[in-house]
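Shown next, in structure tokens, is the structure this report addresses.
Naming follows writing order (A, B, C and D), and every chain is counted from residue 1.
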């Protein structure tokens, strides 16, 4: 127990930033902003989103190519084609790409096309996958399971670290509860606890927690104020036509408002929203 | 359904401030700060706390005289004696006093000694009590039950309003969940939803949600950032010697730090921490 | 802690039966069956139900006169009139009557008309009410709160016992959880734990747990098999026209089938369904 | 939605038995009993357990070779060696072997050594694994996730069926909740609902739900009474020395008592405990 790699130690407290790309890291005074569609749909969609992100100095793009879906008959993502489209955004716009990997077999392919590999909530305790991701040289975004305790989340991270990959970023995205008004309950107290227990950066996904557009800005502000190191949100040029999670994606106009609304809170927390990568680009 | 008194209407959206004392209200651009001990213990305790509060411009004092306790053998509060001590703070220091009422039989006595009557989580659906509180002329602080849906909370408020008392303030204080790290899970998404659904002010109790001192400041900042109209927290001159909830009370020194730490977030949200009452006093 | 009245002791293990009426008790080899409508609606309704119960040797009738309702605008029960109708069933058919008491002010009235006073889930920690019920000489049916731990339930019972009333029967009726298929989750593991921890009888309410008619018989069998001392279910001559909880009440024909289906399980558990009271009547 | 393979249809209601071995199936009038250690530890352990099982006519042996563990530093199972030991029980004693598969890479190996492949709770929505298991010709025991809705469980099964493997058995093993007295809450209402919604057999794992030995027999009886098609429990020659889950395993003596205690309930439900396989062996 005493030698858990994920735990903060007395002689080295605080968050250790995780390097994500040559010019970007998570866990320092910058707030790491990641935005993009639930699922990659087309080149036009990614182009439009990327242009909007860059206008706001946001250089990290999320988007699902392999999509975990409750039903086998739902759209499962563009898969390799989706990865190629994401990769185009890296090459043409120097975007940092974050996308989900659902199986060991997909790791090489995803790692070749993305900067950060995401482990989704449903796979938080897919230990074989975690071990395999512990052997690659890309940062991992590890999402908390729907009913995972904070300790289980830290042990899941330990699976990755213990195999050699120290670049793990944790993500709180809501836990399952009883109230139908929101899809999940965002556990910001959990974020505060994690920030004290581990040196790993912790970011927040308000989109999946809320499951509804109207409170995403409020939850984003709260996440920044509680001390989160970043935010990952869903945006879409035309949310109503999104192939998945249509109710929770912000439009591109919403995104501009969102950036404006979170700015004062970030500033009050001493966090910069302007990434160096953007200044260079 | 359409005529629920608690719901916001199209032609009158936004929060309606609730008048708490001649010079103070909740739900406007001031952030309503309430602090004090879990249980009233002595005059010296209240004096010491009150002096600290006043130094920071805080004029609302909470403190339990009738205490709901899981065990019948636990300290049940100083009862009438506790009310008298709270009342002394009103008379000598012009404090606004908030304290819990647990039964219809206590209403007259509590109303004679306090400015705001609190309904605790365990009594959120004590409908006989709610109806009786609907007939008095004091504001009611209604805490959400441990497993109450937001809709049930609004219906509980409706019981009070429908009897004629429109001065109800809602309070989110954490819902019961599975993770032992925190006593409860603070549902800030619920606060965001409530702010959209009702014109009633909504405040947050981070102390009972956390059940641990170390994350109360973080949760307080998050609550302000999500749009809460106020905060109610537990403080104690000597938390370790508190007769109840010793793990979650802030010391008076902690409280000073807390006021300093929440200030930038309040400012970023356009909320004032300086109450008019204080300026006058 | 060691002197909790509700706990089983080494030198006196097992369940202590609670005397309910001169000829009936709960917690012995008889299975205590209680059935009746959610709300008392009319004399005709009670007569029809009582005739059906008596045909099956069931002599305990439940029915709400004071009804706790989420909304203040929902039917609140026939109140005193409802109690009088229940009382008629005692006088004319020697029925044992179980009905809810929601407030201290109602205790005398309810106690004058009923044999067993029920404390509903929402009032499980209405401590003032519990203390008052500890001073009367009628058995109390104490329902577990929606999110109450087993320990909190036992402490709630302790409030009653510590005031002198030792005739408390506990009731598991489902806890709040996340799955929308059933209204609540019936915690039969909790029943098994309670049977080991306390000498108080424990019964089960499958109707409120299920919230749907189709699985009530299955849950009733499971409750008997897990060791419950009784069952309390909702029946109605015309469930579709029930003024409340229409989806979960069994029809009178359903009730006959139910009695037939649970009989083999009761027998396998060594429990009799034939009450002595019936044999006499 | 209308063409979900897992759903019961009007013209073909009821449970379709799943053939597990030439002489054994699950979902018919026999109750399928599966018992064995949490983790395979040694040949001696398996021999001792198998002898006990056979004395009671139980021919299905569970045992973990690949063990999903919260911590990467906990014993991860004997892996291939464990599979070989299980296989010896098939060859020498004609046992039906059930064991967990945690990753696609393990499928061939596990399928070569076992009769039924188990998907654990943590992998219920490991969709890549489910799809791969849909392509093999062995029955799958699919455990419900800790916070999975019944509908999500049915969709997970659909992933397997839609790839061609129709032999899926569902398993309820407790959902995560708030009460520390039991490890999880066994959702027997969920079993009752599943029996109505799907033609797939449904079994119950009381060991993981309880997390404590003393209530496993009670929960087993309840599971049979609610209509479960089988039970899977943990037993160990020396539970205190078990390498994992020591608190919930029954001893071999306990197992004999258990068989005796559940028999009357099985009989009352018209279920046989005597498997044909045993009679032949």
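A few points about this structure:
Assume contacts are C-beta pairs under 8 Å (C-beta built on N, C-alpha and C of every residue); 3 or more make two chains touch, one makes a residue touch a chain.
Quick caveat: nothing in here was measured; it's all calculated off a predicted structure.
Ranked by how far their CA centres sit from the centre of chain A, the chains are topped by C.
Although chain B and chain C carry the same sequence, what matters here is overlap: shared residue numbers make up over half of all numbers found at their interface. In this assembly, the C-alpha centroid of chain B lies 36 Å from the C-alpha centroid of chain C. One finds 49 Å separating the Cα centroids of chain A and chain C.
The set of chain B residues that touch two or more partner chains comprises 147, 151, 176-178, 180.
Of all residues in chain A, only 147, 149-151, 174-175, 177-182, 185-193, 195-196, 209-210, 214-215, 218-219, 221-227, 264-265, 267-269 touch chain B in the complex they form. Per the touch definition, chain B reaches chain C in the complex via residues 68-73, 102-106, 122-123, 125-129, 131, 145-147, 151-152, 155, 158-159, 162, 176. Of all the residues in chain D, the ones that touch chain B in their complex are 176-178, 180.
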